[in-house]
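Here come two complexes built around chain A, the first alongside chain B, the second alongside chain C.
Up next, the complex of A and B:
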């Protein structure tokens, strides 16, 4: 290890499954106390990265150091210092909340006094104090994920690996979940999280966008947005599908994405394009409520990056 | 190996066994049902063979002769018919397994010192009971002709002539020669082979299927701790089941228990180590509960049934098969149990069987512990 205080260092990590490359020479580093978000579509290779960093899957080549331990050469020593929450619920549904916590506490050698104190605090933060004797299988989806987090934190890990932890979780539980994650930063825990929710990605200190096993870019959400070439236009309309068909492929429009209340367009120069677009929509006999330039979201970044990559491959 | 992690695994497994109604059913019901099914279903004793008689003469002497069959426990005279056709029909219909025909000149030929031929018709479909029926009827007829000879000699004024050689046999260990006494210790071994393997065949596969394995292998727990943590509760369960089976053998089927209890437990622990490790191994390899339980049923039941000496005595098998039986762990356990129940042989005299069992216990435990990898494919 050099003097740089990285807690996770990934170098040229590669893994393929029967000839299909899932993770392709991936390299990145995460500092101590950072929340790092791994974002990307299904099949981008996020889960494979998490599994390799958790020491439950061997890479084909490349290396990774987690909390000072080489997870390729000696995964078992790294497992003492990290906690991994797999995408699929991994706790015992026929055990109660307390029994699951007790089991993982014993596996990690947590003393009873420390376990009780920590379990009480974490369960309170998760809003689950009254469910301690409920079977894990009888919990709601959000509760299950929070229980997973409590079990993962019962032994004070240095590194927390969370694979889509808030997938299918209600907004209240998601807020509880992120509150617990932020409180961990005071303890110096380093967190790597994958997510499909792009609004969640904005809560990370840094995010990396993965696509087909490669990293498209990696920076803070603010800097990524600032570096986005061009501008984002928002069209509020009740006819998003029809309008998107007219506008896709127009010169100056690099991508069109349907969002909740209309469309997001990635464009070169907003000021000159807005009047042109208004004309095209009117000529087609379609209607809209407003067209205006908005601040880009991570979602915009992501769509631009992925479609940009695909355009690059076509050329 | 960290004992606290092992205990954590074992404790978790015990809670899961207690909460799973199905596994409790397997633990309690399977040995009981199998003991009853095999205890009653597999019997090599042939008694009360259904018999039709056709007395063509109908004299006092011919009736006296046929009474010998009636009073024998090996035969049950179903009907006395008056035509040959009826007798043949009954054999065809399966109403009887044997028919005895007494000729019309039975008493007259006997009194004139001539030989009488008695016809015995036997349904040979089940060759084993046909053989036994033939043997039993020959014995009855022989005893009767002996008596006739003696009476004839006495009438002729001869002294009482005894047969030159007589057998005076005494059966040891299974005095009444009940096959139940041989079968029950074998059934205990057979039941434990199947139940023991079945119990653990689900443990690892269940964790893969339910998705709990990925979480578990991301912790510092070692494969050895997982294995012993999972096998220890099932060892207790298995010993409980062995005791249930043995108790049924003694108090339900009335088989004696002449050996030492500790020899019984020592051999049972060794055998359970074999079968529990085997089930665990299948669970690791198969990765689904269905496949693992099916493999374990086939892999344990057939060898334990056919090649352990349970139904066919090993020394009667072809030489090649005899060699193969050494690879069937149930063989050693069955031999030990028969000695423990019927003979009470000192353990030193059974050292070969104990050595075989211990060797397999060690071998399978090592194979099972090596098979599990804390890695996803």
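Up next, the complex of A and C:
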């Protein structure tokens, strides 16, 4: 690990608000050109981490280095080299798309020629070229977020901090958004993104799961799934609630989660458990279409980790 | 530095002038309010609604009553037959004053005895009551004087020549007609500038905080000073323009003379605007929402006007409150406004007031800038 030039290094970062710990001795490192996802439920402390890394909030203790700048000791130093997109749309709704881009370009000291070239390219990628003279307030939710991204990228930052950038954004805009993010990786930009969408988490090189200010685990999605103890069973049924009541708490079943077409169960040994479960369901007079072992998703990981942590706390 | 500030200013001006309503708010209400204040803000008491009960019904009592009806200070609306009707008339607010002349009034006057006239006054507005009583006193005093003179003329005309007399030669300086419009119009300039510029400044910053643009702009390399200057310079310029606008209404419409130097007036206005911008910024640092900013603004506006000598004179206030007025920039600006408009005095008389505003403005701006952190805490 030593000697590797990380672009973002977070060490024992801690922050509390009037006695409540929001971020609890958090440490992680992100390499140049990596897209790193910070995943966790609301209130996990994700936004607080982002604000501290962006230099707009001072931590109680711990340190963070972003693009070679110590953002705790000198929060202004990294601002030219990073870009932070807050969760709330933070652009001027009474300025047009072009005026917003122009304003941020000028604040960052981007030359006019570079700005025009870059704005044209980014707007085209975002599918927004024809809306340049529209007021930002008149854009749809997805367009606003894409405009936010364009403004955040206009000064060619080395590090991009995105706080739930696709929250409430339609699927098409979300796809545009991720296309732009992937194209940035080729330019060597390092991206830290928080998301509540677990399908988006799978698109990251590495993800860290945060819960109540602490990191539960951090690795590539593939390795995390491979290391998941036990297996995931999928029961396709039209009676998910009734079945989940019967199966919750059964020995060998560590968690039950209702999904679109039925249930996901986290179990110890799939092969021995499937016949037992079939019997229980049949005995209760309930029906199902299929029970089979499936590959775990990030959502399964996440639910298992959070419920596992809570079980641990109860004991 | 200059580059970023310039772009911040361009952005602010685009935002201010893009919104039709905001555009009107900047220049419409100041003129309208100046007109309203100019006509309505007055200390003069005229046409006091009056009721009269005359039980004497004599030549003498009618003579006295005619003096009231002839005076522009009284508006005799009710001639009541019964004194028990007085209460109802005053309760309804149809009359503020009731004058009752009892039977035997003329007889006592002719006999040279003490004759009583009863005055009932609605003193819920103490000022009107006081001034109204004064007028009644003046009318009855003059009436009595004339009667005494007449009697003397009949009985001992020689004594009249030996009667000592004191005549007051009134020389009202600066405002010869003692028009309260002349007194108020320059003062209103201060009030309007305070309300408009303070509110606009406080709202402009708080709005950025409320809608989330402040968080976005804090992660840019913009410096604190650039952001604050970018936010205040537009309102400073708008304030100066509004001052020009409302003082033009005062001079051209209300014909209040501008006797002193325009340069000193401008200097005073600039210094006062520094104070107001400082207060506006201060409000923005203690308010998270525009609603909070509005409530905090009220907290500043009312005392600023009351403790400035705009309406009630500072010398009538309790001593400890008089000391409090020294930290009120409006107090100095009112003195400067009236000094330049009506008295026509210049720097030689006004420099202490200008210096006080410079000091207060400097302190307020410094506190506000220090309180404005480029962070979210």
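Please note the rule applied: the second predicted complex is superposed on the first by the 313 of 315 C-alpha atoms of A that agree within 3 Å, B and C clash if a C-alpha of one lies under 4 Å from a C-alpha of the other, contacts with A are read in each partner's own complex, and residues count from 1 in each chain.
Basically, a contact is a pair of C-beta atoms (placed from the backbone, for glycine too) under 8 Å apart; a residue touches a chain by one contact, two chains touch by 3 or more.
These figures come from a predicted structure and were not determined experimentally.
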- Query: Superposed on chain A, are chain B and chain C clashing or fitting side by side?
  - Reply: clash
- Task: Go through the superposed model and pick first if A:141 touches only chain B, second if only chain C, both, or neither.
- Result: neither
- Query: Can A:43 be said to touch chain B (first), chain C (second), both, or neither?
  - Reply: neither
- Give one of first, second, both or neither to describe whether A:252 is in contact with chain B, with chain C, with both, or with none. neither
- Message: I'd like to know which partner A:63 touches here: chain B for first, chain C for second, both or neither.
- Response: neither
- Task: Quick one: classify A:84 as touching chain B (first), chain C (second), both or neither.
- Result: both
- Task: Figure out whether A:106 sits in contact with chain B (first) or chain C (second), or with both, or with neither.
- Result: both
- Item | Overlap of chain C and chain B interfaces on chain A (superposed complexes) | 51, 54-58, 75-76, 79-80, 82-86, 88-95, 99, 103-104, 106-109
- Message: Considering only the defined contacts, which chain A positions touch chain B in the complex?
- Response: 51, 54-58, 75-76, 79-80, 82-86, 88-95, 99, 103-104, 106-109
- Task: Using the touch definition up top, name the residues of chain C that touch chain A in the complex.
- Result: 3-4, 7-8, 11, 14-15, 18-19, 211-222, 374-377
- Note on the structure: Listed in rising order, the residues of chain A that touch chain C in the complex are 51, 54-58, 75-76, 79-80, 82-86, 88-95, 99, 103-104, 106-109, 148
- Item | Interfacial residue positions of chain B with respect to chain A in the complex | 2, 4-5, 7-9, 11-12, 15-16, 19-20, 210-222, 374-376
